[in-house]
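Notes to accompany the following structure.
Labels run A, B, C, D and E following the written order; every chain starts at residue 1.
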Amino acid sequence: MTAAPVIDIANLDLVFQTNDGPVQALKDVNLRIGKGDFVSFIGPSGCGKTTLLRCIAALETPTSGRLTVCGISADEARKARSYGYVFQAAGLYPWRTIAGNIRLPLEIMGYTRAEQQDRVQKVLSLVELEAFGRKYPWQLSGGMQQRASIARALAFDADILLMDEPFGALDEIVRDHLNEELLKLWRRTQKTIAFVTHSIPEAVYLSTKIVVMSPRPGRIAEVIESPLPRGDRPLSIRESREFLDIAHRVREGLRAGHAYD
Amino acid sequence: MTAAPVIDIANLDLVFQTNDGPVQALKDVNLRIGKGDFVSFIGPSGCGKTTLLRCIAALETPTSGRLTVCGISADEARKARSYGYVFQAAGLYPWRTIAGNIRLPLEIMGYTRAEQQDRVQKVLSLVELEAFGRKYPWQLSGGMQQRASIARALAFDADILLMDEPFGALDEIVRDHLNEELLKLWRRTQKTIAFVTHSIPEAVYLSTKIVVMSPRPGRIAEVIESPLPRGDRPLSIRESREFLDIAHRVREGLRAGHAYD
Amino acid sequence: MIERFRTLAAILTVVAVIVVVWYAFAVVLNSRWEYDQAARAGVQIGLPELIERTLAQDRPMLPAPHQVLAGLWEGVTRYAPTSRRNLVYHAGVTLSATLAGFALGAAAGLLLAVGIVHSRAMDMSVMPWAIASQTIPILAIAPMVIVVLASLGIKGLLPKALIAAYLSFFPVLVGMVKGLRAPDGMQLDLLRTWNASRATTLFKLRLPASLPYLFASLKVGIASALVGTIVAELPAGATMGLGARLLSGSYYGQTIQIWSALFAAAILAAVLVAAVGAVERLVLKRMGLAR
Amino acid sequence: MSWQGWAAIAFWIAATMLNCHIANRWYRSRWARPFVATLFGVTLLVLWEGLVRGLNVSPVILPAPTVIAARFAQSLPLLWGDFTQTILKGALSGYLIGCGAAVLVAILVDRSPFLRRGLLPVGNFIAALPIVGIAPILVMWFGFDWQSKAAVVVVMVFFPVLINMVAGLAATDPLQRDLMRTYSATGRQSLLYLCLPAAMPFLFNGLKIATTLALIGAIVAEFFGSPTRGMGFRISTAVGQLDLPLVWAEIAVAALAGSGFFGLMTLIEKAVTFWHPSQRAAGRGA
Amino acid sequence: QDVKLQLKWVTQAQFAGYYVAKDKGFYEEEGLSVEIMPGGPDIAPTQVMAGGGADVTVDWLPSALAAREKGLPLVNIAQPFKSSGMMLTCLAETGITGPEDFRGKTLGVWFGGNEYPFLSWMATLKIPTDGSPEGVTVLKQGFNVDPLLQKQAACISTMTYNEYWQVIDAGIKPEELVTFKYEDEGVATLEDGLYVMEDKLADPAFKEKMVKFVRASMKGWKYAEENPDEAADIVLENDETGAQTEEHQKRMMGEIAKLTAGSNGALDPADYERTVKILLAGGSDPVISKAPEGAYTLEVTDEALK
């Protein structure tokens, strides 16, 4: 990891105040993500993955600690439109068609009409929703809505992609397909990607760095650098020795954070 | 499967009318589910799994075909409170705490106060949310919300459980744990369970019968009866020969429904 | 604490701006009269003199803020609160009819909305006629209504309350029909799978989900009830209440009296709306919806 | 009560039963809704006619619908003149200005925390000034013709539209707002792309209430001075002349115009907020 | 015995006689318990009578006759006001010196049953009221004299005892005004009389009650004429709005006394005939189309004043 850190997190704490007393969601998080890294976050449900991603995107303000993105504050980076964010829930606007939803960031960022058209078509076919551009969100299945929200984040050129369980509601085959496409896109564009997933194989297959988190309070338990090649990764790599080794390490790390077994 | 069919579907068609022309969601679906069966539905995103589950629960009216539940119409079965339904999205009521959300069906079905209390505690600990009963839904992570919605469906005694990707947003370890718990519950109570999932191992591990669907229009491509024992299924069964065989068959069935590779 | 302070500062700033603009308008609007008077007297009038006089007229076209304040103050403090010359007394009369009317109207609006959402027959037949009923200019025929009710022996607070109710039920009805239909498909489906009764669906889902709509319409409804009461007070023998004060002020061209009665009414309305707002915050907080 | 009264009551009961039947059986067909609504209205009229005749109500208290209809037919030009004066000139222009202003102010209030704190309470206060107090003043300022009526309408519709619009602009869900933040959308953009669409169901709520208020405002304002035409003028003078059929003919005009206006807004609402759960029959939430 | 009296307008010295009679116990002496109901801008006393909301009302003869033609049989039983206090008050600066100058001007008129005298007058003058250049533009005048002060109208309707003084109080000098009293123009119609329903009057008991009522009321009126200041105070005490001022009511009482002066309460048939003639002269659209029958009776006053 020779590149200068794009995301630099030091001693980050975050406490939510609730009706029921404070909840410590993140505790003493330290992490550096270099330019062009593909970082996966994995950890038990409720350990703070979403919260950490939201901090990076300046949607949540840490209680203490330091967080810089490309040397500037997260909020400035947000204002510079550095992020593409795929939320855990699809969050499509019900008054826009699917194509309209995908076009939304393009309109906001001032792409020309022709380019909007072009990009919408491209990402729609990437997530295999060509036939559904003119439908409204409530007319789509759950997985289709999730794919539409992925398409929305991929439609414009953000340097940093933050993806919160983007493939959770997809079947294995579409998932594999989108994994490959995402890797291609990443290699082509040299984006920095932060990716939350619950699938250990997915994390290992995609990432250059895997962050294992443990809950209550959310901490980073382990950071695993992947020895897999940054370049070409065929799906078959998932049967390789190295792959299975890392997957094992991740599983052990995860298990440590759980109470049972 | 010698038991009398609990759910009996014959020649079921369903067409949605949209602004953009009709969409055939289900075409000529035939299926019999016996008492105490554990049936998994698997298929590409948008193939009609949710729609089929909704038809069974009488939330959607088929365009044509016959559907009976325990010999009566789906709607009558609904009125007899035969169903527990876990939706694909958590759908918790924002004005109720987690415990309040889980208590809701109990209140509606007229359980005593003491029993309500008791059951809420039990299912909360089943899904490991003991500490979160007094929080509001938006104060929970995505996975925790999903677990709360599972708890809500398990809190009362329905003969038929319809579960739409209940474990989609959970990490492997919680998922394994809940899989085991669900199997225990199923064996103890002899419920009939219809279960949508995208995970092939999960489908194979849990089911007595796996229904593979293919899309546009949604049809049943294959129904695979599991040779695995109905009784005890340790997690280790997933390494067995038979298990891997079935998984392979399911994967092939799935792949046939997809355009690529 | 800081929040409070900021709010106060903001309100004061806005009020200050309004007061300045108001004074300017008062000078401009009232100056014509002064010029006319000067012309009649055949004298010239300078600017300082003009300003001084325009802000101290007996029957100004637009009274200056301090005149209105003085009028209000006098109306409230000069006589005992039980005296007919005291504004508080009249406000009390108006308030009681407003509250009675609002209670009637809000209850009617709510019940009708519930009926409409639950019964297709009611939805199809009542809604269009509820709308038509509001297009009857009740304010225009309020005098007639009062007379007809009086001939049926209905007098005193009730006729006023009925007119207030007539005006306030509609916003509540429209808002609640929308609000009760606001829960989305999945939330409703959930209850369907449990075969929840309609009453249960109403109390456990539709009502809680409609609260934002309910309170928005209650605020409009209570303001309408006040307007209704005041209108009904004009012809009801024009004796008591802020409406009667407005009218007699109007009749004698006492602009200052009109404006004080007007402000008394507005203060009353603001208090009522704020009260609904306070209830709203309380309820939302108790329901955990205040984020 | 004579036979007419009983006949009317019998008709009422029969029609109500028919209505319930149609509403439950035929609700899918296109004609059901207008039919049921019309039958309900006809029932009310029949009941009214029957009771007025049956109970021998004095025509200077409440004339029968047939008498009103005859008067209506006979005074069409007069009614049309009053309609133009009060509704087309007074109510409509006031409605457009008032609703427009309320929407703009609501946007300002939503944009600026300062205004939200400062202007909203003060604005509420000013808008709560009762119309009957304001009307004479506005007549004094804007003259006797329709301009002063429009001004009254502006004041009257402002508050309901403002309240609803402010509530609507705030009715976006947190996830939708976060999305806008990640795009670093400008204030204008989140307004245009998120807040305005999300506010539409609330806005139309206000706009629909405002239609009826606009009519009431324009008519009532004529009580405080008017030229010798207009619906409010006619109503007040006709009451003085005990010409109650004419009063009710004017009221009928107001009711027709108001229902038409309201219906138009409902149609626009349907087109604009088709996505809102209250407008779709069933769905699974987006 | 209960009597409900509906006034034509709000509590003011215009109705001093009734308030005095009540306050001084004149009604009580006759064994009557009288409830006085003030009127208001949009209260048509005729309609209150039609609804049975009052036993007897104070109204103007033109309005009562118009109602009678509409099928509401009102009968005049007494006429405490001898002369008319109505006039048209114009700003001198508009150049109006005589009725012919009205043409092309805007005039403020009260409606709601008070417009008949004006319309009849214009009809006698043959001045159209349709707003044409050779006619006059009519404004429905609101509650007050603002249209004149704001110069929205050249002339407005005023009563000698009320609105005229409001104009003066507003700071306009009498010499800046030109007034046209209906009395002087020969178009005076009878004002404030007492009216009851014809069918009720057929009942001897009711008639007896009205005799007592008229007797006591006239006693009140005469007392008020002699003690104007005290009468004004009584009116003020009865004003529930608390908005009337002492100065204004005292002056009003003085003017009212001039109008009641010539009447002992009995209607002078000559005055009645004159009013009817004026109303019938209304050109193409007269207020009444034919001379009414039985619109007044002298029996009550004959009995009361014996």
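Criterion: a contact is a pair of C-beta atoms (placed from the backbone, for glycine too) under 8 Å apart; a residue touches a chain by one contact, two chains touch by 3 or more.
Here is each chain with its UniProt name: A, B = ABC transporter ATP-binding protein; C = ABC transporter permease subunit; D = ABC transporter permease.
Here the structure is a predicted model, which means the values were calculated and not measured.
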Legend entry - Steps needed, at minimum, to go from chain C to chain E via contacts: 1
Inset, instruction - Per the contact rule at the top, check every chain pair and give me the one with the most C-beta pairs in contact. - result: C-D
Legend entry - Where chain A and chain E are represented by their mean Cα positions, the distance between them in whole Å: 86
Inset, instruction - Can you check how far apart chain A and chain C are, centre to centre, with Cα atoms defining each centre and the answer in Å? - result: 52
Legend entry - Euclidean distance of C-alpha centroids - chain A vs chain B, Å: 28
Inset, instruction - Indicate the residues of chain D shared as contacts by at least two other chains. - result: 61, 136, 140, 174, 223-224, 236, 239, 276, 280, 283-286
Inset, instruction - Mark out which residues of chain A touch at least two other chains, giving numbers and ranges. - result: 19, 89, 136, 138-139
Legend entry - Where chain C touches two or more other chains at once, by residue number: 61, 143-144, 148, 151, 185-187, 189, 234, 250, 288, 291
Inset, instruction - Using the touch definition up top, name the residues of chain E that touch chain D in the complex. - result: 41-42, 44, 46-47, 50-51, 63, 66-67, 70-72, 111-115, 129, 131, 137-144, 146-147, 150, 152
Inset, instruction - Would you pull the chain D residues touching chain C in the complex into a rising list? - result: 19-20, 22-24, 27, 32-33, 36-37, 39-41, 44, 61-62, 114-115, 117-119, 121-122, 124-134, 136-137, 140-141, 159-160, 163-164, 167, 171, 174, 201-202, 205-206, 208-209, 212, 215-216, 219-220, 223-224, 231-232, 235-236, 239, 247, 251, 254-259, 261-263, 276-278, 280, 282-286
Inset, instruction - Provide the residue numbers of chain D that touch chain A in the complex, in ascending order. - result: 175-176, 178-179, 181-185, 189, 193-194, 197-198, 200, 273-276, 280, 283-286
Inset, instruction - Name, in rising order, each residue of chain A that touches chain B in their complex. - result: 16, 18-20, 23, 42-51, 88-89, 128, 134-136, 139-144, 146-147, 164-165, 168-175, 177, 198-200, 251, 254-255, 258-261
Legend entry - Footprint of chain C on chain B - complex, ascending: 54, 57-59, 78-81, 83-85, 87, 89, 91, 93-97, 104-105, 107-109, 136, 138, 156, 162
